[in-house]
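Chain IDs A, B and C follow the sequence of writing; residue 1 opens each chain.
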């Protein structure tokens, strides 16, 4: 039997593993290699430049800006979609008439592409007739025409808000799944013990949602590292690179300036950051498994 | 059980009324952006420029849709996107079935490490493999064709597909596989005659997820295609932005049309979609 | 049709040895039950015989043919799983005919043979049902149908009754016994942890513990002449009482402060473990008590009564006993049924 099993293992795994190896694993390692070269994207040849690209990172002001922006994005990613998703899930995890419609509304943005989401929010931020300024004008009683996406101070945060609008649905879905997994007898115990709804949420439900919270936060942070499409269409990293993220900066250096070697070095940094977060995430998942079964 | 208890615990009190009011407010807030596009798509550019975007229109203006649908470039974008999305969805799902089956039913020494390594692949930002893939496809002359997009999406779909399929196959009792083997089935027959027929719901989950993800993708077509003939719909939206700079209504109509396939899939297969999202706890 | 022979079978998973040098000869047409506590290796033995698991060492012969390296489906055996392992996406007919359709048997022949088997098991009216629409007993019959349609020479059962409720279990036990009679000459190997099933079904029982066979024999041999304390304690319910004791030079047995001369000669001398089944006692009349013990707890079961003494000792008597906890009762030991084991 083991002989047959060995045969089928090889046969069935051959195709998936080779496709994955050629188009994912090999490029990953090549990125390290190219980060030590000066490849320009056109010329088949390149020279080995040692640690030059990494030295350059050290002095690249735009890189620092991108790191800080990425960090801010991460912080926002931990706060916005997580809290909003939790609130929505708590509100919707009960028999309210039309709960299904509400849920659909909140996770509808998930199925939209980042490009479309970016497009939509560009209109909301439009200085002259965008909804945001219209509301502010209405409240303030005087015309308000802040160009949200064209000002260095507001561009990044405007994009992050748009991104969170899309991400919240995902957090809500994960929290809802976590809520349905809470055994109903635990909640009945609360009723018997005479807990108020608020006590029930704070003392029982939220602690039991810790595993979901870890998943939500990890995914938000990981996804924030991928923030690119929505940025590309809304600000392109501008104005004056004020909304550049690492992913954007890497793209610009590689495919705008054709510094593929330098771009690779940035992607290696990106990889290492992602590796730390993913490693942490997997460790937490294992712990969740051990504690909560 | 639970729903009954909940129903009794929440009669219409001021407390629940406040909750519902809050929900409605949030829902409106969440719907506004989408409604905005919808409105813009049925208004003339003039009306929008005059600040009339957010009012309910008196009459339906379909000129924007006519404009988008008569544009041959849009047709091309659509065809290209379908050519990439459908095969890549099928291929990544199929590869995930193969790998997931092995990890669930034919485990081996080191399998869990390998599995973890594959699954980790779905969390890394794609920028990490951008340059080498560009060089690879440039070297073999496939830049500005649809092939690299198909291949990369197939490969990048393997982690999530393998994860979901392994998790599904893990719920299929081992005894079923063993019973089939005793009846004379080869492993391939166990897979095709027992495991896959049982996995149809899981396959639906995966297919909707993969389709949406690939359809909506922007980065890979941006990197791998250059000419307008090979662009996909999401690039098309960005490209046509220049052509219709102030034609906001046309842009709105284009965005809606481009989102239609995923919207339809989402609305019809919502249950599957959500299930996949939570099972993989995945990519946005 | 087929004799099953295991010769020096060993099986290890990694460094853990789960089957340690097992040899067993099962006659053609015999009903052999492998019984033991959970985790003893009995299910592994069944899987080794079926070929779903490779032996680490040793030889398996079926019908005189060495099948140690033969694929499971070519061993001419069929298996009924604990969960029945019916394919949820196929109806009853599809389940029973699954193996035939894999072998590309013509549809007409499959249908004919499926119907034939279904009629023998009186499930012909269920053929278009899906497994989830069946009751536990019906599922078992379908599983048996799927097994017998292939005319196996050896039938393997892996705890087939443990998912059923108590009443159904008794009924299906009878059905399996009847099936064994009907399928003349088919060897059956049956794994269970339930010694009652083992006793009622088996021609012979192999008691397994920690990967070894402790004893093989007919149910009555095992009951009356257990080879060691493990078998003695495992077979029979409630379990045999074990008491520390000794045998003196004359062959007299001493335990719990009593000395008794067994009716059969005892070869062992010195310290010993004395085994007494709960039914090897009776309540003493005046002046005949071998030992006196204080009653701890009474369990009236209707037809019989279990008396738990603080010695500790469990005694089964057939009458209603007008005694309550704390009473002191005199007991007489049946001298023909004293088991002596090494200490």
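Annotations for the structure displayed:
Basically, a residue touches a chain if its C-beta (ideal position, glycine included) is under 8 Å from a C-beta of that chain, and two chains touch if they have at least 3 such contacts.
Here the structure is a predicted model, which means the values were calculated and not measured.
Closest to the protein's overall CA centre, chain by chain, comes B. Greatest Cα centroid separation from subunit C: this falls to A.
For the pairs A-C and A-B, the larger set of C-beta contacts lies at A-B. Taking the mean of the C-alpha atoms as each chain's centre, subunit B and subunit C sit 55 Å apart.
Computed centre separation for the pair subunit A/subunit C is 58 angstrom, with centres defined by C-alpha atoms.
With centres defined as mean CA coordinates, subunit B is found 16 Å away from subunit A. Shown for subunit B are the residues in touch with two or more other chains, of which there are none.
Touching two or more other chains at once are residues 4 of subunit A. Subunit C has residues 52, 72 in contact with two or more other chains.
Those residues of subunit B whose C-beta lies close enough to touch subunit A in the complex are 1-3, 5-7, 9-10, 15-16, 19-20, 22-23, 26-27, 30-34, 36-37, 40, 48-54, 95-96, 98-99, 101-102, 106, 108, 116, 118, 120-121, 123-136, 138-139, 151-152, 154-156, 158-159, 162, 186-188, 191, 212, 215-219, 222-223, 234, 237-238, 241, 248, 251-252, 255, 258-259, 262-263, 265-267, 270, 273-274, 277-278, 281-284. Residues of subunit C that touch subunit B in their complex: 50, 52, 72-73, 77-79, 81-83, 85, 87-89, 98-99, 102-103, 146, 150.
For subunit A in complex with subunit B, the residues that touch the partner chain are 4-6, 8-9, 12-13, 15-17, 19-20, 22-28, 30-31, 33-34, 39, 41, 44, 88, 91-92, 94-96, 102, 104-117, 119-121, 123-124, 128-129, 131, 134, 165-168, 170, 173-174, 177, 184, 187-188, 191, 197, 215, 219, 222-223, 225-226, 228-229, 232-233, 246-247, 250-251, 254-255, 260, 263-264, 266-268, 270-271, 274, 277-278, 281-282. Here subunit A touches subunit C in the complex through residues 1-4, going by the rule given at the top.
Per the touch definition, subunit B reaches subunit C in the complex via residues 173, 175-176, 178-185, 189, 193-194, 197-198.
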